[in-house]
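Please find one structure pasted underneath; my questions will follow.
Letters A, B and C mark the chains in the order given here, with residues in each chain numbered from 1 onward.
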Amino acid sequence: MSSREEVLRRVREALGGDRGVRPPVPRGYARRLTEAEAESRADVVALFTERVADNRAAVRHVGADEVGTAVAAALWGRETKQIVVPADLPFGWLAELDGVRALADTPALDLDTLAAADGSVTGCALAVAQTGTVVLDGGRAQGRRALTLVPGYHLCVVHADQIVGTVPEAVGRLDPARPLTWISGPSATYGIEAARVEGAHGPRHLEVLVVED
Amino acid sequence: MTASSPGTTPSSPRTSAPVPLPMPKFATAARSALADTRSRRNLRGAAAALREREAAAAAEPADWDDLREAGRAIKDDTLLNLDTHLAELERAVTEAGGVVHWAADAAEARRVVTGLVRAAGAAEVVKAASATTREIGLNDALARMGVTVRETAVADMIVQLGEDTPSHLLSPAAHRDRAEIGELFGRAVPAAGPDPAADPEALAAAARLHLRDRFLRAPVAVTGANFLVAESGTVVLLESEGNGRMSLTIPETLITVAGIDKVVPAWDDMEVFLQLLPRSSTGDRMTPYVSSWTGVTPGDGPRAFHLVLLDNGRTKALADETGRTALRCIRCSACLNVCPVYERTGGTPYGPVHPGPIGAVLTPLMRGVESAANASLPYASTLCGACADVCPVLIDIPDVLVHLRGKVVESRRRRPVPTPEMALMRGLAWTMGDPRRYEAALRRGTRWARLLSRGGRIRRLPGLLGKWTEARDLPAPPAESFRAWWDRTRT
Amino acid sequence: MRVALSVACFDDALFPDTGKAAAVLLERLGHEVVFPPRQTCCGQIHWTAGYHREAAGLARSYAAAFEGCEVVVAPSASCAATVRDAYPKIARTARDPGLARAAEGLAVHELSEFLVDVLGVTDVGACFPHRVTYHPSCQSLRVLGVGDRPLRLLRAVKGLDLVELPAADECCGFGGAFAMKNADVSVAMVADKVRHVRDTGADVVCAVDDACLAHIGGALSRLRGGVRTMHLAEILAETGPS
């Protein structure tokens, strides 16, 4: 008997013949933000901003025509020399760069190049207000996962209309067939005295630009 | 397609585990843990910090109890149809380009993984989220075939470097303080320099530097998983450091070892668990990194993905109708942080795999109660119920503990010579079973106890009860029992 | 009201004053108290220690002893919890539907629940001019869910100075067989509990379970702690310095 058959046989034996009928899963939990939390679109964006900051990431609001300037300013402020970006990053986001070299991931950059970069700039698939999370799914303006992982700094541009209220709303919109990364703040460890300390193996700094239309 | 894994070949001496020393009973192991006041203080501080964060995080959502109810029901449904979900998971993972392996026990899981590592020609592997790989004793098996294993989570690395045993599910080095970790890094982590500051941020940075290059060069990564979504074949991993992301993104080959209890039916079910787990685990609204992957994605991440589905006693737990509720466990560690016993003993006395209240039920459920050590675990609790209060999937741990105590006693009834405890408890039940016998015993016992007492208290009792009077007095029973008083005054 | 008093076997022998106080208190409140004489032990000791067959026998005897009683009051949270929470499980384990039915018919109330919920009183006319701290026993807190009922009763006692116990919700470390099987951990737990009790500066530590009080009191006595233990019933039965 193969191990597969053996394990499945044990499962069936453990459960027995009559497994009974169970009532449907009670799903009384909230799928959306409450009226009080999300009276207007601005409330959702404000909640997202507050929660991103709670996650100890930097967060700033910019107008749609200010993205290029804001990206350039953020990188300038960090004395960034070289960044890596997905090949399909909107051109305008990098239009104002001054003294920063941006390497597009096409053809795929090698790991040493990623490791030598000071940071990465990407968009996201969506963001979650309730938890202050940005989610990347490898789609437009996001690139492959290594881009936002190996460099020490990640600048993520979020359009206000990409922000959903809750985790259930986010799960409902995401396609599990794609590789997903939910990012809620910079890399942190609970490994030393079980206290949260920022700066372990992932990016030590996360910055979020919220673009309001 | 299921791989014909190396699991079908007979065990080779190189990859089989060494014969472990018999585990001591909980009380014996706890004694040395209690004596280690430094570890005790460190662990206590860590548990208290996590407990407060978790309590605040669970108090925030108005629908917390609805989420717990949903989590419980989803897990129960999954377990009742586990065979179907496992087959569905296998199909979906395979369709997405992954390879599924099945392992009936730890030895088989070791053979599968060591075979895959050998086939990849790897001299070094990186590991993340490693509780299940610890359960199967993978590190030793890989070391015996000459493969260097790098634990990559900061706490796992501390435990590995210190040749220590993990004390906590979430934070395995919670028994170590920053000064001890600093000393350890000074000896074993060149990136930390010879005399590193006992500063958590500097130590985390040293760990980052120490492992950076190894992540970028490792050909194979081995990880655990938090959830396996049957419908879509998706693996979900929650972590905060990014060592998980590194492991599942950078190396060419990714091997994930996960218990068959990690299955959930549908992707939408993640909307429940992605709320329950972070808040109950680290007290975060969302764990810093949640990664999910389905098979392999061309141009992004590993080229080969292997999923090893591990039984190793889980079906034994599943066969126990009361005990199977423990398989709902999502390994959040909330029960550890509120447990007054765990807080004082740490994880070691519970055995090498599952610490704390959940370990006191999972280990005997999965391994049986034949050994004295496993049989002592259901008794490693006062049944205070703090664990059940916080469990995000509503496991009634005290109920399962009492159920397992029943199993322990039943397994000892067949012994030709009853233990002193068995004789005492049977005698007590016989006496209590009849009011006349009870009253006679009450009078006799009172006389005896009064003879043992000095100044209204008993300072030393014989036999099993002597454990009580090692550190506590017992009041001498008054000459007149309640029922004697009642008879005298009311009838 | 005719109230059947359930007295824990442990209290019968070691702490008879608890049962006496409960009887006196209920009579003072104008109720008829009876003591069904065939009661012995609810079976808690055997059930929690894993002796489930023996527990089933004792549960049957207990149910028979209180059969037909309209209201049962137990000044012991863990006994009340055993009857209410464990009896259905004991019956299921023993495959005894008769016991399950008998258990359903038992209306057992812990004393503070009975006073506050059934009788609707919080001021029972007691007077006890001492500094008191209250330890919420685990069974009362988490299985019965008595909440703040004992505290409401204590606050209404004339002259009583109620002081909050730090880390009150933490178990005292008794746990039945645990106190013997894991004596070291048990003692470490009660040492902390006793430290908290002494930090309050109270004269008396009070609870609704004498088993916990025996544990806390046993440690206090060994340390010559100078703090007395008293069951809630004893304090509520006090009507002042005589």
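Throughout what follows, a residue touches a chain if its C-beta (ideal position, glycine included) is under 8 Å from a C-beta of that chain, and two chains touch if they have at least 3 such contacts.
Everything numeric in this text was worked out from a predicted model, so none of it was measured.
K.L.:
What kind of graph do the touching chains make: line, ring, star, complete, other?
P.N.:
line
K.L.:
Quick one: which chain's Cα centre is the longest way from chain C's?
P.N.:
A
K.L.:
State, to the nearest whole Å, the distance from the C-alpha centre of chain A to the C-alpha centre of chain C.
P.N.:
Inter-chain centre distance comes to 53 Å.
K.L.:
Once you find the CA centre of chain A and the CA centre of chain B, what distance in Å lies between them?
P.N.:
30
K.L.:
How many angstrom lie between the centres of chain B and chain C, each centre taken as the mean Cα position?
P.N.:
Measuring from centre to centre gives 33 Å for this pair.
K.L.:
Would you tell me which residues of chain A are touching chain B in their complex?
P.N.:
These residues of chain A touch chain B: 2-4, 6-8, 10-15, 19-20, 22-23, 25-31, 34, 51, 54-55, 108, 111-112, 115, 128, 130-133, 138, 144-146, 149-150, 167-168, 170-172, 176-204.
K.L.:
Quick check: in the complex, which residue numbers of chain B touch chain C?
P.N.:
On the chain B side, the touching residues are 26-27, 30-31, 34, 340-341, 344-345, 376, 378-386, 388-389, 399, 402-410, 425-426, 428-429, 432-435, 438, 442, 445-446, 457, 459, 464-465, 467-468, 470-475, 477-478, 480-483, 485-486, 490.
K.L.:
Would you mind writing out the residues of chain C in touch with chain B in their complex?
P.N.:
Against chain B, the touching part of chain C is residues 7, 9, 11-20, 23, 35, 37-41, 45-52, 54-55, 57-58, 61, 65, 86, 89, 93, 138, 141-143, 169-171, 173-190, 214-215, 217-219, 221-222.
K.L.:
Considering the complex alone, what residue numbers of chain B touch chain A?
P.N.:
Of all residues in chain B, those touching chain A are 2, 5, 7-8, 42, 45-47, 49-50, 61-63, 66-67, 69-70, 73-74, 76-77, 80-83, 86-87, 90, 96, 101-104, 108, 152-158, 168, 170-174, 177-178, 181, 200-201, 203-205, 207-208, 211-212, 215-216, 229, 232, 234, 240-243, 245-246, 249-250, 260, 267-268, 270-272, 274-275, 282, 284-294, 297, 299-301, 309, 311, 315-316, 318-319, 324.
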